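We call the chains A, B, C, D, E and F, going by the order they appear; numbering starts again at 1 in every chain.
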Amino acid sequence: MIFSLAVYGSPYTYQSSDSAYQFARELLNQGHEIYRIFFYHDGVYNANRLTIPPQDEINISSRWSSFAGENNIELVVCVASALRRGVLDDSESRRYEKDTHNIEQNFTLSGLGQLIDAGIVSDRLVTFGS
Amino acid sequence: MKSFLIITRRSPYGTSYGKEALDAVLMASAFVPVSLLFLDDGVFQIKQHQDADCIEIKDYSPTFAVLEQYDVKNIYVSASSLQHRGLTEKDLVLDVEVISDARIANLLDTNAVVLSF
Amino acid sequence: MILHTVNKSPYADQTLLSCLRAASEKDTLLLIEDGVYGALKGGEYSALVESAAPRILVLAPDLEARGLLDKLSTTIATVDYAGFVELTVTHDKVVSWF
Amino acid sequence: MILHTVNKSPYADQTLLSCLRAASEKDTLLLIEDGVYGALKGGEYSALVESAAPRILVLAPDLEARGLLDKLSTTIATVDYAGFVELTVTHDKVVSWF
Amino acid sequence: MKSFLIITRRSPYGTSYGKEALDAVLMASAFVPVSLLFLDDGVFQIKQHQDADCIEIKDYSPTFAVLEQYDVKNIYVSASSLQHRGLTEKDLVLDVEVISDARIANLLDTNAVVLSF
Amino acid sequence: MIFSLAVYGSPYTYQSSDSAYQFARELLNQGHEIYRIFFYHDGVYNANRLTIPPQDEINISSRWSSFAGENNIELVVCVASALRRGVLDDSESRRYEKDTHNIEQNFTLSGLGQLIDAGIVSDRLVTFGS
């Protein structure tokens, strides 16, 4: 089956990104396809590449990034949610004349339409809320 | 074409979920048939007379009032949620269909995709 | 004498109930943010709040933002931010429930 | 046939009650994250959950993480993440309550 | 010297508040007399047999069990919170004083600063 | 009187930073002193200088920064909370070999001891939670 996931919780604060990751990994184990993982609300902070967790804890944004890279999965961050919360890619950073960007590799900023599209295209859309 | 049900369950301003639900409704309405359900504290999203200027937050409740212009025709509010909170239809900024819990179960059943906020 | 603040709706969350269990008669409860829904008249939690032992107040700007001035329980008084600050001065400490 | 997930403790939050009001008899409820506290035996919400019309399951790793294996209500079965994924396949859609 | 009361009201892992309360207790204990109160879902912080490895989150409950070594001697748990949840003292990772709601009101009164998480 | 505030909610998502700001402004109106505003939990995101709110909305991190600058108020961000959530100053950024930092002017990263100290020194400590 084709799945998409939506993640709304900030990493390290809410369990929702951990749950979404465990669920996503199990989807691939069972041979399902992940069409898209969409980050909305405080979930956009999952894409912040500046996170430095303690050494005995997992780096959540790197974990998503490796997972997506290895399995060719789209990680889409809602651009409107991300801009107001200060998660920028290179192009938004330039457009708004900021001196840097902070988005982790393999994450893409895009519109909320990508969440609706994920709902249309996927057999199942599973939300991990906060 | 798949139909979407969007549910808003949170009160306005305390968290941004209500605003984000509204954005999702507007976006979805451009692509698919959308129903919107105000449930639990979500019914407060459409309470009349909101004025968030006094807390320096943007007031988005007027947009809920004009959703019909965006082809969002199926707008529902939970009867039991209103009743628990001492509210009636007259307290709301827009005409909505007030529905029972059984009808809500039916809405969950008949829409292909359910997004909750 | 404690000023308790509560910022969660009792219709969504047990925080107000928990605060009421711990508060003393001489304390004051200030409902702020989504806590102002506890000040509604005619709702499921109205009787509980209206009969609570501590004095209960509600933050006017948060009430007004949410369009609830016409729904305020008649036994509950409002304060603005100036009043909120004064309450923190006249009470020994502030305990926040969220 | 719907799979409902609930991730909030009923002792803190009304989300589980709300889900139970909206769920049909033929649906399944899966308690995840802090939702697993709804599967406790001997608590204030145990009778309500045990007598609920829809089937109620609990996510084992979240239960185990919280040290609740010895407190699980005898009427509630557990599933692991593999079972969670299978439930999303065997039900028509997933509705998340949070 | 001002005394601090730190209250933890949230369950573990669903949010990080429990871990942050623990960090605050450890920090405060270096400077001031600290009391710690487990209230509401906070009582689940000290439930026995936790094992968060299975959800790949760091398990901090063992630190609660050794708080006495950090000079945090006054550790309380709400009797009503335990009872509502079907728990007893025997379910907990450390020896705590189980106290009534009236005693909790008294703790709030007698400590100069109250931090809640 | 001497006040300190603690802010735990992420900006734009929870009202707590708005409430704390309104309260802080009124404290100064009434002639009180603000010793420190401490950001903990997801409140650390208040210090993210990369936020780009829509034009008709307030920039919360700039608002804090101006308020602190004009009134000489200490804005302290819990360093442990901030590192795991990816809010870095120049020195932490270098230490962990990141290529940039994202902390807003007038915010300082420091230890949780600063919250305890604020409780000790201030006549009142008021928490705005999420």
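The rule is short, and it goes like this: contacts are C-beta pairs under 8 Å (C-beta built on N, C-alpha and C of every residue); 3 or more make two chains touch, one makes a residue touch a chain.
Quantities reported herein were computed from a predicted structural model and do not represent experimental measurements.
Student: Going by the touch criterion stated earlier, list every chain that contacts chain A and also contacts chain C.
Tutor: Common neighbours, chain A/chain C: B, D, E, F.
Student: Quick one: which chains contact chain C and chain E both?
Tutor: Looking at chain E and chain C together, the chains touching each of them are D, F.
Student: At the chain C/chain D interface, shared numbers over all numbers used: above half (same) or below half (different)?
Tutor: Looking at both copies, the contact residues mostly coincide.
Student: Look at all chain centres (mean of CA atoms) and spot the one farthest from the centre of chain A.
Tutor: Of all the other chains, the one whose centre lies farthest from chain A is C.
Student: Measuring between Cα centroids, which chain is at the maximum distance from chain B?
Tutor: If we average the C-alpha coordinates per chain, E ends up farthest from chain B.
Student: Distance from the CA centroid of chain D to that of chain F, rounded to the nearest Å?
Tutor: 38
Student: I'd like to verify one number: the distance from the centre of chain B to the centre of chain E, where each centre is the average of its C-alpha atoms, in whole angstrom.
Tutor: One centre to the other, that is 39 Å.
Student: List the centre-to-centre spacing of chain C and chain D in whole Å, with centres computed as mean CA coordinates.
Tutor: About 32 Å, centre to centre.
Student: Please report how many Å separate the Cα centroid of chain C from that of chain F, as a whole number.
Tutor: About 26 Å separates the centre of chain C from that of chain F.
Student: Pull out every residue in chain B that's touching 2 or more other chains.
Tutor: In chain B, the residues touching two or more other chains are 13-16, 40, 55, 57, 113, 116.
Student: Show the residues in chain A shared as contacts by 2 or more other chains, in ascending order.
Tutor: 12-13, 15, 19, 22, 41, 57, 80, 125, 127, 129
Student: For chain D, give me the residues that contact two or more of the other chains.
Tutor: Touching at least two other chains: 7, 11-12, 14-15, 33-34, 61-62, 93-94, 96-98.
Student: Please list, in label order, each pair of chains that touches.
Tutor: A-B, A-D, A-E, A-F, B-C, B-D, B-F, C-D, C-E, C-F, D-E, E-F
Student: Please give the residue numbers of chain E that touch chain F in the complex, ascending.
Tutor: Residue positions touching the partner: 2, 4, 16-17, 20, 23-24, 27-28, 30-32, 113, 115-116.
Student: Show which residues of chain D lie in contact with chain A when the two form their complex.
Tutor: Listed in rising order, the residues are 5, 7, 32-34, 61-62, 81-82, 84-86, 88-89, 93-94, 96-98.
Student: Can you check the complex and tell me which residues of chain B touch chain C?
Tutor: Against chain C, the touching part of chain B is residues 10-15, 40-41, 44, 47-55, 57, 59, 61, 84-87, 91.
Student: Spell out the residues on chain B that touch chain D in their complex, using ranges where they run on.
Tutor: 9, 39-40, 80, 101, 104-105, 108-109, 112-114, 116
Student: Per the contact definition, I'd like the list of chain C residues that touch chain D in the complex.
Tutor: Within the complex, chain C contacts chain D at residues 11-15.
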